[in-house]
Amino acid sequence: MQSVSYKLGRFFLCGLKYNSELVRSVVNFARGKRVKMAVFTVVGAVKQARLAYYDQAEHEYQKIKLDRPLEIASCFGNLSLKDCKPFAHVHAVLADAAGKTYAGHLLRATVFAAELHLQELLGKKLEREYEQTTGLALWEFRR
Amino acid sequence: MQSVSYKLGRFFLCGLKYNSELVRSVVNFARGKRVKMAVFTVVGAVKQARLAYYDQAEHEYQKIKLDRPLEIASCFGNLSLKDCKPFAHVHAVLADAAGKTYAGHLLRATVFAAELHLQELLGKKLEREYEQTTGLALWEFRR
Amino acid sequence: MQSVSYKLGRFFLCGLKYNSELVRSVVNFARGKRVKMAVFTVVGAVKQARLAYYDQAEHEYQKIKLDRPLEIASCFGNLSLKDCKPFAHVHAVLADAAGKTYAGHLLRATVFAAELHLQELLGKKLEREYEQTTGLALWEFRR
């Protein structure tokens, strides 16, 4: 297993803006604070969301449209680089009024209210690169 | 986006007591250790739970009663201040014997067994205040 | 409530290997880095998984077989000792192509792609011991 060891940098609490796009907001927040690598969690609620499921045979994402208000029951991920730009890999579990859940890779979501907890990681900047077996952009540890 | 930067304080592992109320236990634990601000996760199982879904149009919480034993598949949140007292904002994903899930804002739950991982945050004490657009008690960063 | 306070050690980002067993990979990674106590999260996708639900009355785990590709919507837990060996306590929320979720105690899963975020904890090594009321192997804080 390939890995990198990091030192812990700043820890941020941040209120994401009403009506902003969640994933882009996390990336923009990190960029504004000059954070290069991070792990984060988000708790709150969204007005709508697009999840995705990765088809492991076909090597393509299938979109799941959720055009209704949902609680963010869980949401976490990491921030690294892809095509030399900050990229957030985020998965989420969303819940409706009956407590029923929808989950997967979070493509985007419109924030109703959301609290971001972000831990900056100090050390090697990991870049994502296309990996053939999975068809995914995975961390390249050797560069 | 408004935010605050924190230094990391103590990290606690804690076993919540059998039959205790989960959310109150987290708050009481923090209070006993003089922790003012924190992020935390919980893993374990509960005997019963009350979740809530926030109706974004009506600005009110709808309760979801779950009167049966459930795994805590995910549970995390933050600790800050509300009405000058420690307040835990917690969301959870709970699972039954078939692996079926129920999720949302965790109001309370009776602990069967639960392990708390709590990261103390050192810095500004954030207070929650009523925010008009959402009708929620959100962090007030300007005070 | 019994608890232990830790100092934060190294933070690792790690790519788990394609086709490896997820839980064992986390334990083996920690062992290789001489990490004794830790908390961690995992994001990614699995080819198949075995979840478990703990029957609180019968004091036994019921297995949930999931023989299909699933997103890891959430996955976190802790690493401590059981029978003097590193033991990972992990819960997960998995999601299928429709965003439908399955969750509980993660027994094992075959990695398609998975990113591990692991925080080493420096301090007392907690050992799990059989606890009569729950029938579970819980942390023994007094030793």
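Here the chain labels run A, B and C in written order, and each chain numbers its own residues starting at 1.
As a working rule, a residue touches a chain if its C-beta (ideal position, glycine included) is under 8 Å from a C-beta of that chain, and two chains touch if they have at least 3 such contacts.
Small disclaimer: the values here were computed from a predicted structure and weren't measured.
Enquirer: More than half overlap in residue numbers between the two sides of the subunit B-subunit C interface, or less? Answer same or different.
Expert: different
Enquirer: Can you tell me the C-alpha superposition angle of subunit A onto subunit C, nearest 5°?
Expert: That rotation is 120 degrees, given to the nearest 5.
Enquirer: How big is the gap, in whole Å, between where the Cα atoms of subunit B centre and where those of subunit C centre?
Expert: Distance between chain centres: 21 Å.
Enquirer: Which subunit B residues touch at least two other chains?
Expert: Correct list: 8, 74, 93, 101.
Enquirer: Looking at the complex, which residues from subunit C come into contact with subunit B?
Expert: 1-8, 37, 39, 51, 53-57, 62, 64, 66, 74, 76-78, 80, 89, 91-93, 101-105, 119, 121, 126, 131, 133-134, 136, 138-139, 141
Enquirer: Of all residues in subunit C, which touch subunit A in the complex?
Expert: Per the stated touch rule, the residues are 8, 10-18, 20, 25, 28-29, 32-33, 41, 43, 45, 47, 69, 71-74, 93-101, 112-113, 115-117.
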